[in-house]
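Per-chain numbering from 1; labels A, B, C, D, E and F assigned in written order.
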Amino acid sequence: MSITVINPNSNEAVTEGLRDTLTGFPNVTCLTLTEGPFGIESQRDSDAVILPMLDLMRATPEASAFVIACYSDPGLDAARSVSSVPVFGIQEAGLATALCRADMFGVIAIGEPSILRHRKYMRRMGVLERLAGERALNMSVDETARGANTFNRLKTVGADLIGDGAGCLILGCAGMARHRAPLEKHLAVPVIDPTQAAVTLAHGTLVASRL
Amino acid sequence: MSITVINPNSNEAVTEGLRDTLTGFPNVTCLTLTEGPFGIESQRDSDAVILPMLDLMRATPEASAFVIACYSDPGLDAARSVSSVPVFGIQEAGLATALCRADMFGVIAIGEPSILRHRKYMRRMGVLERLAGERALNMSVDETARGANTFNRLKTVGADLIGDGAGCLILGCAGMARHRAPLEKHLAVPVIDPTQAAVTLAHGTLVASRL
Amino acid sequence: MSITVINPNSNEAVTEGLRDTLTGFPNVTCLTLTEGPFGIESQRDSDAVILPMLDLMRATPEASAFVIACYSDPGLDAARSVSSVPVFGIQEAGLATALCRADMFGVIAIGEPSILRHRKYMRRMGVLERLAGERALNMSVDETARGANTFNRLKTVGADLIGDGAGCLILGCAGMARHRAPLEKHLAVPVIDPTQAAVTLAHGTLVASRL
Amino acid sequence: MSITVINPNSNEAVTEGLRDTLTGFPNVTCLTLTEGPFGIESQRDSDAVILPMLDLMRATPEASAFVIACYSDPGLDAARSVSSVPVFGIQEAGLATALCRADMFGVIAIGEPSILRHRKYMRRMGVLERLAGERALNMSVDETARGANTFNRLKTVGADLIGDGAGCLILGCAGMARHRAPLEKHLAVPVIDPTQAAVTLAHGTLVASRL
Amino acid sequence: MSITVINPNSNEAVTEGLRDTLTGFPNVTCLTLTEGPFGIESQRDSDAVILPMLDLMRATPEASAFVIACYSDPGLDAARSVSSVPVFGIQEAGLATALCRADMFGVIAIGEPSILRHRKYMRRMGVLERLAGERALNMSVDETARGANTFNRLKTVGADLIGDGAGCLILGCAGMARHRAPLEKHLAVPVIDPTQAAVTLAHGTLVASRL
Amino acid sequence: MSITVINPNSNEAVTEGLRDTLTGFPNVTCLTLTEGPFGIESQRDSDAVILPMLDLMRATPEASAFVIACYSDPGLDAARSVSSVPVFGIQEAGLATALCRADMFGVIAIGEPSILRHRKYMRRMGVLERLAGERALNMSVDETARGANTFNRLKTVGADLIGDGAGCLILGCAGMARHRAPLEKHLAVPVIDPTQAAVTLAHGTLVASRL
């Protein structure tokens, strides 16, 4: 039983961060898509990783399940159509989990432009009626990776979303998991890291398959 | 870390069945609501278990998470509003999980009358756009508990739902988990047991909370 | 022909207020649920009144129709499933009536927290597309019961909702009926008291049943 | 206090039928739109009655409320925009009432072609999620006006709609009210006559306005 | 092959403006409905033009397609039901075109009151999920017809709608086409003139019909 | 002014067919994506054409607009995000056009499996409320390319969709345009070829841009 988490960008530091936040889950392997761009920042980037990611999946026959660890869920439909094992996308898993924690959820994006893309994804997924709101940190990925200010912004934006009616929050990015627990504690509502959510579903699927 | 699964009916055999299908998940305790009816068969039954179930929850301070193991998710809103730990309903968790396995899902009900109640629940949850169909075994609970014919009906009804467009199936009842793996194998689409789905989400929530 | 209006809290003054605002409707009897809490202020309170309310209904065989006079419509599904006569909830009736008075409606809540619960109810009922907005008086029930300031707040909040696009307004509470007519006159849009709306529907149902 | 029910076609026998089915409601006056066609059978017919109907309304200053008694609700928006008293359409009122009687409703149309027009109306009104189905008698208006077969067809079609999931039924035409009570008795689910539903709402509005 | 564009108000200057903005499309004839009001400013005005417009259509047998050039699409259903050639409404065509230019669209209305009417139309058409927002110039039709300030307001309101998430804009009125190209250039998102959109669809329909 | 239609599969015969059905539109150039598969038959095929198609677009600087002529609209989001000229997808354009021809539309698919993919696309686009139904010819692409039986199946399936409530039909494939006019004549409802629909929108956009 092995869950393979693929970071579809080529930034090994991001993969390392994923490993850190998934230590509690057994049998997880995190891989970097070396053919990916350093960061996925456009629709083209997102589409460009699909074929190499499918190749990496084929080259990982030992995987019992895959998780695509980028919040735009690149190639999820294609991966499902060719893979013989379950494939999970982190945006999809984060949203599905949020449906089970509160009546209305909020999403915290890194940057403003992501909000519209996420909204389209939620409409496609059919869960828009449950969205209280989405708000952006309005920081660069670089800024979020560093310093204390990120957590301050998370607290402010999270509180605003609670004001919008959110009963739980989703971190709308693969790289903010280390803030999950402190933010949940500070805001007193469930905070969902989407990669952990996807690995949770993968893990449960595999446990059930052995019964 | 302890996940308390509550069977809100007083049928200890049902609780025993839950234990059997949750052996793969760590730290799970299954309790019977002794004040519950022998079976939950009406809206009144469903509402009647709420207060004793809240009492049982209060009397279980060691629980890190609760799962309400009846497909009508009785008292889920109330339990969430009074409990200091996460509470999961199995219908909600089963539906949320289905959203991550295929574009359209099907639900297998025991009896015809459940279909309308489930439909109302799915509309409330906001996921009706993803429903391919729901079909009933049209067997008594007693019949499903016994013999081979149950699996035959599951195969027929499951195949019909695939014909309706379902890419995955949910077992719409707490007591059919033993058929999950064989049915998935036979039909070659993901089959979701809702109690396992809820325990999966509870487990992941607890793992994440310790990071 | 007798319409039984049940105040599911035990505050007899509330029941008295209901009687005052229903004098124009024939054959109405208002009962207090003595087992109810003094005020229904939580999901638990709301669920806790269901069983005693069903008992009260059974103990009122002369009723030709029931109205549950609390804006959270506690026990409506259960009451319908066991009662042999029509049962109306006041939130549901108020919303249905609003659909017939203007294209978009607004709701005036007593307090901020009610807004999310009402929103969930409207989503469940499938009428959210018609909601222009909901805004709260942000007064305590106690304050609303007293003085002139309530009407001032109603005027302000009502005007804000008209600014949101509301063509008619619903008083989102069982106890504001005395403000209905003056507010309608002041704001020049239809204002709906939900208890009157439910009694209206009950009355029409009974008239039709005698033809 | 006077409720003016306008039959927008020029068939006085239809108006007479309306009078018969509204005898239980006080202060109702039924008028025939003499400029209307003998029957409203097309979109053009429906649009053609609007201006003369507005004239008739202006010429009826004693009305405290108007009901437009044709199931296509011709001119409802225009009438509301010019009338100083409440105006009710029977399709709208019938649908709103159905929302308060069961989770899913069914509609019985006279002829197949009406079904699509009604569906458009329900989508516009925002209540399509609650529709279990609509089915047609497939009789001419003439046939429905005569004999026993109409009731037989109503029983068959109504039972089919219950099979579709309908928990209550709407008679999708202004002229079937005499079948309401017998059909309700036969099928054991609420049956709603839309003209009675609209007069009910008009009546309640007027009663409330005098408090 | 002849596309007949009907200006349903009697203001010949408006018709002349339509001609100017349709010069690029072949075989277009613009007619004024002389029986129409000078401006369509109410629901009654909108309904009042239907019958004379149907007459004008019947009196124009050479038309291969009709375009109703008023943003409220008066009489569109009736025209389609009686005309043997395709009929297009400009609001409908503008909205349909917007669906093909960006994920979310914004609408620019002349005045505040139009916003609610347009919203009702979009709900009926089933495209409300794609609306980013609608905002009004808050100018009189007279003011918009004159001077430079109109373009300034268009720029401000358009930028606000882009801030709301709009990826393209619709000019919500038949008479602003001359601002389309400059506004598109200034805001750098597609700007859609609804009359041009309707004539485009009419033209394509006729071209295809000759293949 | 040049509209570039890209056939994203490498089958030159398909491109030739597109040319034949677009002869009535001026300034259209049809290109074959030589890097594409011979037919697009899977999600992977569909994703695989995106990058080479973007390259082909970049290598066609003379294009004033692009049309992606495959009914799965591969790469539409990516193409829009990198192209400086308008890009149209044929499924999207066909659906948008259908919204302007009748209240409910039907779609004719080649094969059964396409129906679910198309349904997902319509949900994403937010137009599912307008779908009367989709039905498949259940022929191979090869069979449809040949003989008379295709038209017979189109007539049968089209008539069934009209029975489902469709007031117009969309040919759900890039290669059936030659049947459009005869089918429309036979069935007496508008029939829409999606490639023609997309070229129509592209053409209108370009005409408007020159005013």
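Quick note on the criterion: a residue touches a chain if its C-beta (ideal position, glycine included) is under 8 Å from a C-beta of that chain, and two chains touch if they have at least 3 such contacts.
As the structure is a computational prediction, the values presented were derived from the model and not from experiment.
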{"item": "Steps in the shortest chain-to-chain touch route ending at chain C and beginning at chain B", "value": "1"}
{"item": "Chains in simultaneous contact with chain A and chain E", "value": "C, F"}
{"item": "Option in A-E, A-B or D-E whose residue-number contact pairs overlap B-C by over half", "value": "D-E"}
{"item": "Copy pair chain D, chain E: interface residue numbering same or different (half cut)", "value": "same"}
{"item": "Length of the line joining the C-alpha centres of chain E and chain F, rounded to whole Å", "value": "26"}
{"item": "Averaged-CA centre spacing for the pair chain D and chain A, given as whole angstrom", "value": "52"}
{"item": "Centre distance in Å when chain B and chain D are each reduced to the mean of their C-alpha atoms", "value": "42"}
{"item": "Inter-chain centre distance, chain A versus chain F - centres from mean C-alpha coordinates, in Å", "value": "34"}
{"item": "Residue numbers of chain E (touch at least two other chains)", "value": "120, 123, 126, 129"}
{"item": "Topology of the chain contact graph, where touching chains are joined (line, ring, star, complete, other)", "value": "other"}
{"item": "Inter-chain touch pairs (all)", "value": "A-B, A-C, A-E, A-F, B-C, B-D, B-F, C-D, C-E, D-E, D-F, E-F"}
{"item": "Contact set on chain C toward chain A in their complex", "value": "115-116, 119-120, 123, 128"}
{"item": "Complex contact set, residues of chain F against chain A", "value": "42-44, 46-48, 50-51, 54, 75, 77-78, 81-82, 120, 123-124, 126"}
{"item": "Chain C - residues contacting chain D, complex", "value": "21, 23-25, 86, 88-89, 92-93, 95-97, 99-101, 125-127, 129-130, 177, 180-181, 184, 190, 193, 196-201, 203-205, 207-211"}
{"item": "Parts of chain A lying in touch with chain C, wherever the complex brings them together", "value": "103-104, 129, 165, 167"}
